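Here the chain labels run A, B, C and D in written order, and each chain numbers its own residues starting at 1.
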Amino acid sequence: MPETVEIGLGRSARRGYHLADIALVPTRRTRGSAVVSTAWQIDAHAFDLPFVAAPSDAVTSPETAIEIERLGGLAVLDGEGLWARYEDPAAELAGLDGDTATLQRIYSAPVSPELLRRRIGDLRRSGVRVAVRLSPQHTAELAPHALAEGVDLLVIQGTVISAEHVIRENQSGLNLKTFIADLDVPVLVGGVTNYQTALHLMRTGAAGVIIGYGSHLGSSTHSVLGIEVPMATALVDAAAARRDYLDETGGRYVHLVAYGDLSTGGDIAKALACGADAVMLGEPLAAAAEAPGQGRYWDSTAAHPRLPRSAVVDFTAPSDGERPTLEELLAGPTSDPTGERNLFGAVRRVMGKCGYSTLKEFQKAELIVTNR
Amino acid sequence: MPETVEIGLGRSARRGYHLADIALVPTRRTRGSAVVSTAWQIDAHAFDLPFVAAPSDAVTSPETAIEIERLGGLAVLDGEGLWARYEDPAAELAGLDGDTATLQRIYSAPVSPELLRRRIGDLRRSGVRVAVRLSPQHTAELAPHALAEGVDLLVIQGTVISAEHVIRENQSGLNLKTFIADLDVPVLVGGVTNYQTALHLMRTGAAGVIIGYGSHLGSSTHSVLGIEVPMATALVDAAAARRDYLDETGGRYVHLVAYGDLSTGGDIAKALACGADAVMLGEPLAAAAEAPGQGRYWDSTAAHPRLPRSAVVDFTAPSDGERPTLEELLAGPTSDPTGERNLFGAVRRVMGKCGYSTLKEFQKAELIVTNR
Amino acid sequence: MPETVEIGLGRSARRGYHLADIALVPTRRTRGSAVVSTAWQIDAHAFDLPFVAAPSDAVTSPETAIEIERLGGLAVLDGEGLWARYEDPAAELAGLDGDTATLQRIYSAPVSPELLRRRIGDLRRSGVRVAVRLSPQHTAELAPHALAEGVDLLVIQGTVISAEHVIRENQSGLNLKTFIADLDVPVLVGGVTNYQTALHLMRTGAAGVIIGYGSHLGSSTHSVLGIEVPMATALVDAAAARRDYLDETGGRYVHLVAYGDLSTGGDIAKALACGADAVMLGEPLAAAAEAPGQGRYWDSTAAHPRLPRSAVVDFTAPSDGERPTLEELLAGPTSDPTGERNLFGAVRRVMGKCGYSTLKEFQKAELIVTNR
Amino acid sequence: MPETVEIGLGRSARRGYHLADIALVPTRRTRGSAVVSTAWQIDAHAFDLPFVAAPSDAVTSPETAIEIERLGGLAVLDGEGLWARYEDPAAELAGLDGDTATLQRIYSAPVSPELLRRRIGDLRRSGVRVAVRLSPQHTAELAPHALAEGVDLLVIQGTVISAEHVIRENQSGLNLKTFIADLDVPVLVGGVTNYQTALHLMRTGAAGVIIGYGSHLGSSTHSVLGIEVPMATALVDAAAARRDYLDETGGRYVHLVAYGDLSTGGDIAKALACGADAVMLGEPLAAAAEAPGQGRYWDSTAAHPRLPRSAVVDFTAPSDGERPTLEELLAGPTSDPTGERNLFGAVRRVMGKCGYSTLKEFQKAELIVTNR
């Protein structure tokens, strides 16, 4: 039974836990790295590392997608991002100065379906697996273009979505259930914050559900909208939905991808221990030397034309020293002791310290709640 | 049953929740903005936005009252403020330097009933609805003047008031029950912090009750007096009083107006979800280019002659850049990602994300308690 | 039943609440200042304000004792402080630079019983009531000198004391029970942090018990010793001891004097509402223009020769502006909105806002627990 | 029954308490310092103070080991540290600049078994008791060398270890049970964070178990790995394991040595009150004038070649003034009021204030949980 508190007379609320509220507890057995695997497989696709790079133009470009595949993960290109709006996104990015108004202006250019097709085709020809993100609003229009070029994973993602979106009286938006059922490619869908929506989205036939909206250092969704995702609770609830759906379908396993409040290896490990099968990483990769954002991070909420819900985060301060490579960030080695680099070396190590060999087993790791 | 803790042997206290302690949880259904309404109606008066501007001389002048009406809200002029004390308040405001002693001096000039009448008359002739605030101490003396000129909404407001104010042994202050019963115009009365006082004030016949005393960044009431209003709890409790009063009267609905700890769209949304019908906004509007405070905010507690309970807040630092318009603050669009602008655009959006069409339905939104 | 938590397997601890964890809740009735009294009487001594000035050489000198009596309180001279060690304390204080080592050197001079007698005699002749503090270790030696000159209230005070102090195997220190029983003057004794010690000290025949050790901004007792006094809980527990002792004696009422974590009027009000009959104020008075510390505050723990447990607090920074008078600090009026001035004007006001006429009634005020 | 909370649907976690979450509560009896003893005995070795200096090259050198023995404690030399890698560690330390990469380089030199033997022999000849730390990975190889020279206490210590370390499928690492059973010298083993591992390690025959991994100001294990040791809970749990093991063996008492989150005398006192028999101190001694780190602190996790988990802490800022001696840090007197000096003078004093004569009795001290 979930923990509830009485906010006032006759009104209760659950208590939600952030990843920062919990920690991992090692158990009576430990394992060396040689007997620990971080392998992840979703649908037919196997990966050495349990992660996808977020569809942020600051992180995922056609170029970084290739490097990220090489390092063991999967990059998601934003199908409504700069690479689908401009012939030469680098020229636009050169003019970016961290100001939200500038970002809004750059993103006011229209998405070109043709450009989107060309980007996907190029990426495909480079030999890597292709993942593309579309917003629920534009999926009906843009998905056919993307799919025509061949996509390995389709990501339908808005900040917070549901399986039932009402756009006018008696008129719904994209019917995810019929849309996904008709597709041949696996679909990741989200963000989701609660049990019920997670269960409903699992029932659309999605291969995976994204938990959270990518909350990061620059996020202000909690201030702008009053919405907050206590990630530990959201993942544990979604894992309950996964379990219930598994039972209801007699064995269909839907993946959970955690997106938000993930800055360090420890954060990623805690998300996995709470039930995530993989993580979606945006800001943690933005510091990379190869990142198209060149030391700045933003996601699509930062460019909203009327109501931006995150600020551009700046990693360019001279005191930061040289920017690390994607390889140092993801796989190490590193000389940085903050936890922000060698993210999956850290995950592998803590899995061993907690005594688990596989990610699925690690979802049973013991947790403790503490004040920091 | 309310949540209580044992402070020590034999003494219990309830636990109170601030808006900052809670967040909104989206549900299984979402709605587009086209099917969301923020309309608010109190007595015969309908508004596009559920808000009144606070009776602060830093925010509400006869000029801003007109603009605020145009934008969909209602401004409350302080009937004991500078416009009722000085022919030319602008001249006084020009001398204001953020120092409390200066503020005390400016407010030591007497209130002129004639000036008050003139201000109301002018405002009335400009064609907008007129709301005026009086303190409980001076209502008996000043209300006849205000009412004679024609007021659409009378606001009787002190920091923390009750329905039963004892001023000498066996002598009470203003009898709100008989006073309000005799009036033709609807009355808002407050501030209130608890169930019982809210219920008693509802029984005076007031159209609405103000919850809270306008706690803002410069407030020190918690330090000066040890009083604090955990707004989420106060609103939920007052909503219980509204429910009980509705039952006791067989259908008289009293509005709750939240006043305090409201800086962003998310704060406003959470207050509405806790049961508020509307919000009273002071400090959030003080940054406006049109605001008479010219980048400074204060309320009447800041000018108290013996015991000021808030400091003058300064928004004039050069780093703040250009000041936004009231329109940008209230209705957007904006390039500011902090949540402090496009306040009601944000409210409309989060209502949709939580799946609600009207403010009344939105009072049932799911809440979660978290650490930030 | 007190609230306990399980720290680990088989070990529980109570949860303690600081004054900062709680706030006052106004009730359905309010009162004007004219019907509120802050009068306090202990033994035969009546005071307009419920407070004693702490036996800190930074606050209480023979001169400030006179002014404090005039303003309605009682100052406690430290019988082992500089006025009992030096002919001309002002000369020593002139050399004080905020460094603990300097303080230790100044306090290494011996206490002179003759000087102590002279100070008491002078004070007596000035016509004010005389209160002197002695440490438990030196009470046996110094009390006869003090009492010979005529003391109205004797304060026996160490950081944390008990009714049963063991100094060698089978050898106890000062026997408070026989010592106090033999005295004609009322005694305040403390500091105390828990129910049982409070009850034992009440049984010594003391007129009042001091709760807490004067924790202030510069205190580090929590770091040095790991001891902390959650003042709200300590007062509520001591009030339970007072109630039980009242029952056990058939009517002997022992006063509780709160000492620590009191910076503002709100803090004082909360302490009174938790059961204190009066407060002991040190640091809040150190900013006064008349204070012998001349803008610095320290108590006896700061001068410990081997293990100081607080730092000298400095109020002399130029940004602080002119120093207030004791009268502004205690009784107002003030232009300072921080809550640190007009302390008892604030207490009177909040008593009225909560609807209480006397301090004894105010001990029943409703409390709420919140995060700040 | 341990306190658990529901993180989400179907998943619970215990709540863990840090030393900072608790405080000591004095009881009805107090004692003078003359009747308080801080004596500690483990196996045949008696010490005036209940502490070992951590095996950090910043703190323990052959020279400081002699001084620490003189002051009443025991220093643990890192058998895999610089004194076992370099003929002249001072020359290496001179080049250390607080940069992790430099530290990694310095520690990349191999450990020389011969050098280790020489260091131990020299130390032995100086007449002090010798304690050496080895990592579980290298114990099998290096312990024979160390033991051949004569070691009084062997410390087998990794960040977080278990009694059952799997290094390959069906292949375990060092079998602590058979290894320790065969030794003549007492062994300290750790770090440990939970009841079960503590119990398993007790069953290896170890004389003592180390609780925690030495979390200090520069530690980032919580960020890097997501592991955190709420020390109060970890100690209480380990004390339960000690009790259960005592019962199971009919009387074998295993010592608990707390390592981590210990900066002040108060922290040490709280650890002892939670059940520790002694503490391991690293960072608190690094400020000493005699410390080989010369104002910098690091432990072995800072030098990890691929994934450092703590930063070098710098105490060299000019504002810190003169560095204290080890004697001032451990035994006083001091003029520093922060709690960071005269650590065991403080412990003795708080034991007296809580009314306890011996460390074993002090483990029953009353605790309180508070917000700071």
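Basically, a residue touches a chain if its C-beta (ideal position, glycine included) is under 8 Å from a C-beta of that chain, and two chains touch if they have at least 3 such contacts.
The structure presented is a predicted model; accordingly, all values stated were derived computationally and were not measured.
J.: Taking a step as a move to a touching chain, how many steps at least join subunit A to subunit C?
T.: 2
J.: Quick one: how far do you have to rotate subunit B to sit on subunit C, C-alpha fit, nearest 5 degrees?
T.: Angle of the fitting rotation, subunit B to subunit C: 90 degrees.
J.: Can you check whether subunit A and subunit D touch via the same residue numbers (shared by over half) or via different ones?
T.: Counting shared over all numbers used gives less than one half: different.
J.: In whole angstrom, what separates the CA-based centres of subunit C and subunit D?
T.: Averaging C-alpha atoms per chain gives centres 40 Å apart.
J.: So which bits of subunit B are touching at least two other chains?
T.: 15, 17, 233
J.: Determine the shape of the graph in which chains are vertices and touching pairs are edges (line, ring, star, complete, other).
T.: Ring.
J.: Output every touching chain pair, sorted by label.
T.: Between chains, contact exists in these pairs: A-B, A-D, B-C, C-D.
J.: Which residues of subunit B touch subunit A in the complex?
T.: 1-3, 15, 17, 22-32, 34-35, 195, 232-237, 239-240, 243, 263-270, 273-275, 332-340, 342, 345-346, 349-350, 353, 355, 366-372
J.: Okay, in this complex, where on subunit C does subunit D touch?
T.: Listed in rising order, the residues of subunit C that touch subunit D are 5-11, 13-18, 20-21, 99-101, 104, 159-169, 173, 193-194, 196-197, 200, 218, 220-228, 230, 233, 302, 305-311.
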